[in-house]
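Next come two complexes, and both contain subunit A; in the first it sits with subunit B, in the second with subunit C.
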Partner chain A sequence: MIELEQVSFRYQNEASHVLENINLTIEQGEWVGIVGRNGSGKSTLAKLLNGLCLATSGVVRVNHTVLTDESKFQIRNHIGMVFQNPENQFVGTTVADDVAFGLENLAVPRETMIKRIDQSLEQVDMTAYKNHEPSRLSGGQKQRVALASVLAMQPEVIVLDEATSMLDPIGTDQVLSLIQELHEKLGVTVIMVTHDLNEAALADRVITLDAGTVWFDGKPRELLEKGDQLHEVGLEPPFVTKVYQQLTRQSLNITQEPLHYEELVDELWRLYLKT
Partner chain B sequence: MEIVFKDVDYIYQPNTPLEHVALQGLSFTIPSQSFTAIVGRTGSGKSTLLQQLNGLLQPTSGTVTIGKTRLPGAKAKPLKELRRRVGLVFQYPEHQLFEETVKQELLFGPKNFGLDLGQVEAWLPQVLQDVGLDESVLERSPFTLSGGQMKRVALASVLILDSEVLVLDEPTAGLDPVGKKQLLQLFRYLNEEKGKMVVLVTHNMEDAMANADQLLVLNNGCIESVTSPKRLIEKRDQLEAIGLAPPESIKFVDYMTQTLGVNWNEHEATVDTVSQALIKRIKAGANK
Partner chain C sequence: MKQSFILGQYIPRESFIHRLDPRTKIISLILFVITMFVIDRLLIYSLLYGFVLGCVLLSTIPITYLIKGLKPVWWLVAFTFIFHVLFQRDGEALFDVFGFFIYDQGFIQGGEIASRLLLMIVMATLLTLTTPPLAVTDGMRWFLTPLTRLGMPVNELAIMMAISLRLIPTMTEEMDKISKAQAARGLDYTQGRLRDRFKALLPLLIPLFISAFKRAEALAMAMEARGYQGADHRTSYRQLVFRTMDYIVVCLMTTVTISIYLMIG
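The block that comes next holds the complex of A and B.
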């Protein structure tokens, strides 16, 4: 469980706050999307969760432990992070070395380590690349190795900071379905920073930040219901949301805000055309 | 200025065990003042290709002719001149930023190319405005900026050279949708009003189709096709076969024609055309 109580953050020597008075509780096993325009504080929020940034005021608690300069190393064992550019995250000369790095830091015994490396590479379907050089992999493969490094630590929480924004559609699908699987099978808490509302719609809950404060916190469907208001916070309603709005304006009755075009089309079939 | 590729191969570390053929037999023309998108999966050779556009990499065999400069074989001076005329914005802005302040960063190129600094400084506010940055960033270190802001600084540092050709590698990845729209508008403006050639490298078919007049599809280091957005939509099965996804609007249309038997003969899939087609279908259904 992650709790933020009255959390504010500002960078040293900067006058204005990046985040201001954030109060949030994220339960174990939740999937939370974080959206908002550039500079709204999304990445900072993500970094506050594992002590890459420490709150200027207020309290961050992970599993009831207050996050401080001292406790952050302990807490990082529970929270894994994957960033936008996987290259910034590579340290090893082979894929296996890279996955081993975090475990070495934890002084995990060698045998357990080997087991965990194999297991996590298996999970991301990268076993065949175990001895390859990370820098020569494709973007999607790199990001899966980054995920394997995080998985090897067996974290309870995975934080993804725009982890798919550099990937092509296939790479994105690979990473997202992997996350879905981890979430469902292992009950891993997923916190996903993204600009893509279609991606955020996969979450159970979406938090929208605007200028360092929480503008919205609720179900993806409720966020999409805001329609054109989304522009105010730098977001673009998905194509399906715009079509849905157009249809309701033309007085078609559709029971719920669609998350996906297939959902809308199927609904229209059920409501109007099925005989 | 026109760019012509003729039988271009590019091989990384040739004649070593690590030899890797990145580009193979590329021949195509990018007309001057055009808006061309180069699309393809990660690893298809896009980034290698774009580095040939200003001589950062030169063909292993074949030739690239950019205006009057022909590669390989150009001397240092025309090569430097080429780099001023062809501005390149990298995928990861942090790879191209290095100065202590944003202002120094922006003045580095003009200084290096011997431009009139007084003039450049007078022009700074306009460039910042174009890319959507506040003037207050000028005194900040580029490394304290957010990813989106860094991206804009990298773009500004190229725009300030007033190059004839802009080569942009995934310029909008990581930007919020509103910022993304603004930048795409800016690229279109620079192309249409200022006559600049824009080469957009992306795996986002939505952006490519909506903005480019010519699309160059790369697959495994080879040209799959050189075509217009409209033509490419007609061949979308091929697109999916090489790992590119058609825009959401097109997938929507495909799904509704399959599932609902909607009669679709519009040229463009917009919110309006799609909604109208759906309404028409529903009305017809009620009468049946």
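The block that comes next holds the complex of A and C.
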């Protein structure tokens, strides 16, 4: 689906590379979390995937097409992107207009457009707000509209660039469960850039970037097992992980490292019953 | 939002005028303005007043709202009239005030020009009050489309207009936030001499400009990510529909304009 080969990137005037010699392959239908501290290059990596930034050296391939200045427009039809600030990606004057924007760019005929707008608003449960203006929506609702706008274009990959970082906990939960649902139902590939390990733990695979290189690439559980090493790359281990580590340190052995609260509670009960 | 001046605002209603196609309203406005500049008889002016009053009534927008909302315009109209009365030197002298001779032509021409100004502004306000801003933009774009052949970026202009309209509430909110943040730091731009007040506005405007630029950059990136490659070769979700009523209104307006023109000529 997406292949990166020896990809490096730097902004014109800066001497140092933002990304250096990245090699990655992302398969169709995968859910990949990309984590790292500020300035680790994770957002840049996301922008390299749809040609918002073009690699300084190396090759990016999407569906076996090499991403170049010419092919980027075609590739953008396959990769939808949701950004951090809900306010700064709302192009239309109303919800329906905003969803229409991407379809207008694809020159979709009007009848098809109307159908797709209704369908995608249905998928994100925003049908009731079809004619609302953005100023009357909450941050979470705006991000759901942003997702609808992306879905209407029927992409194979959805890239979320810290899409929940400006939302309140309720908005975050709504957006995350929506992404989970879409991933399961439609089988879209999800690439989620985040600095929150709890969020990244939802993914099938986590890529950790540090100073422009891949520091870790594997299952979320394996990443969390690194424990204190996470601090080295500027990540804060989730509460669940901290509890697990404290318990192991006190030689209270838990069979497997818990990923989220439910697993932790299960393990604690098991521990309780054993002692 | 300031309620004091209403030119450019939109009031949603379900009136006959609201339902007309924006293009019909724009054509009618243009024809009306042409008529107004052609005629020079007071009798026909009274007809025009009647026409404008009729339009206002049809739009179901309260007249008091219009009168209050156009307050600055009243001053301008009154000033125009008085200016003409005092300084017009044609026709018969009627009487003199402190050595100033007042002529009858002053009243006539002052009345004409003030009426033109007034009626034109009321009609233009009525257009924006009864048409959503985006529909006005769509209507304008339709009229300008032939100019694309001459290389005028009409579609780009329409998108720029639409995005500016979309960002007005966002920027207003931003301005509000910044002014509160600066007030918390002790900035006061409501008191003092005029010069000091202007100086105090700078700490409001500079952050606003910076954030506007940042926003523009992010928005441009979001647009690009959604496949925007320039305004041509796009399809359009919004559609203007020219109904029977629109044809009737346009025909009627054209006929009346031409007959008035012929009557005078």
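In this text, the second predicted complex is superposed on the first by the 271 of 275 C-alpha atoms of A that agree within 3 Å, B and C clash if a C-alpha of one lies under 4 Å from a C-alpha of the other, contacts with A are read in each partner's own complex, and residues count from 1 in each chain.
By our rule, a contact is a pair of C-beta atoms (placed from the backbone, for glycine too) under 8 Å apart; a residue touches a chain by one contact, two chains touch by 3 or more.
For clarity, every value in this text was computed on a predicted model and none was experimentally measured.
A.B. asks: Here subunit A is shared; do subunit B and subunit C fit on it together or clash?
C.D. replies: Aligned through their shared chain, the two binders clash on subunit A.
A.B. asks: Kindly classify A:149 by the partners it touches after superposition: subunit B alone (first), subunit C alone (second), both, or neither?
C.D. replies: The answer is second: A:149 touches subunit C but not subunit B.
A.B. asks: Go through the superposed model and pick first if A:20 touches only subunit B, second if only subunit C, both, or neither.
C.D. replies: Neither partner.
A.B. asks: Report for A:242: first if it touches subunit B alone, second if subunit C alone, otherwise both or neither.
C.D. replies: A:242 contacts subunit B only, not subunit C.
A.B. asks: Contacts for A:85 in the overlay, against subunit B (first) and subunit C (second): which applies, first, second, both or neither?
C.D. replies: In the superposed model, A:85 contacts both subunit B and subunit C.
A.B. asks: Touching A:93, do we find subunit B (first), subunit C (second), both, or neither?
C.D. replies: Only subunit C; A:93 stays clear of subunit B.
A.B. asks: Quick check on the superposed pair: does A:110 touch subunit B, subunit C, both, or neither? Answer first, second, both or neither.
C.D. replies: After superposition on chain A, A:110 lies in contact with subunit C alone.
A.B. asks: Would you please give the residues of subunit A that touch subunit B in one complex and also touch subunit C in the other complex?
C.D. replies: Shared contact residues on subunit A (touching subunit B in one complex, subunit C in the other): 85, 87-88.
A.B. asks: Provide the residue numbers of subunit A that touch subunit B in the complex, in ascending order.
C.D. replies: 11, 36-39, 43, 84-85, 87-88, 138-140, 162, 165-171, 195, 198, 231, 234-236, 238-240, 242-243, 246-247, 250, 252, 261-262, 265-266, 268-269, 272-273, 275
A.B. asks: So in the complex, which bits of subunit C are touching subunit A?
C.D. replies: Spelled out, the residues of subunit C in touch with subunit A are 133-134, 162-163, 165-166, 169-170, 173, 215, 218-219, 221-229, 233-239.
A.B. asks: If we count contacts the way the header does, which residues on subunit A are in touch with subunit C in the complex?
C.D. replies: 50, 52, 73, 76-77, 80-81, 83, 85, 87-93, 96-97, 100-110, 113-114, 117, 133-135, 149-150, 153
A.B. asks: Please give the residue numbers of subunit B that touch subunit A in the complex, ascending.
C.D. replies: 41-43, 91-92, 94, 144, 146-149, 170, 173-181, 203, 243-245, 248-249, 251-252, 255-256, 259-260, 271-272, 274-275, 278-279, 281-282, 285-286, 288
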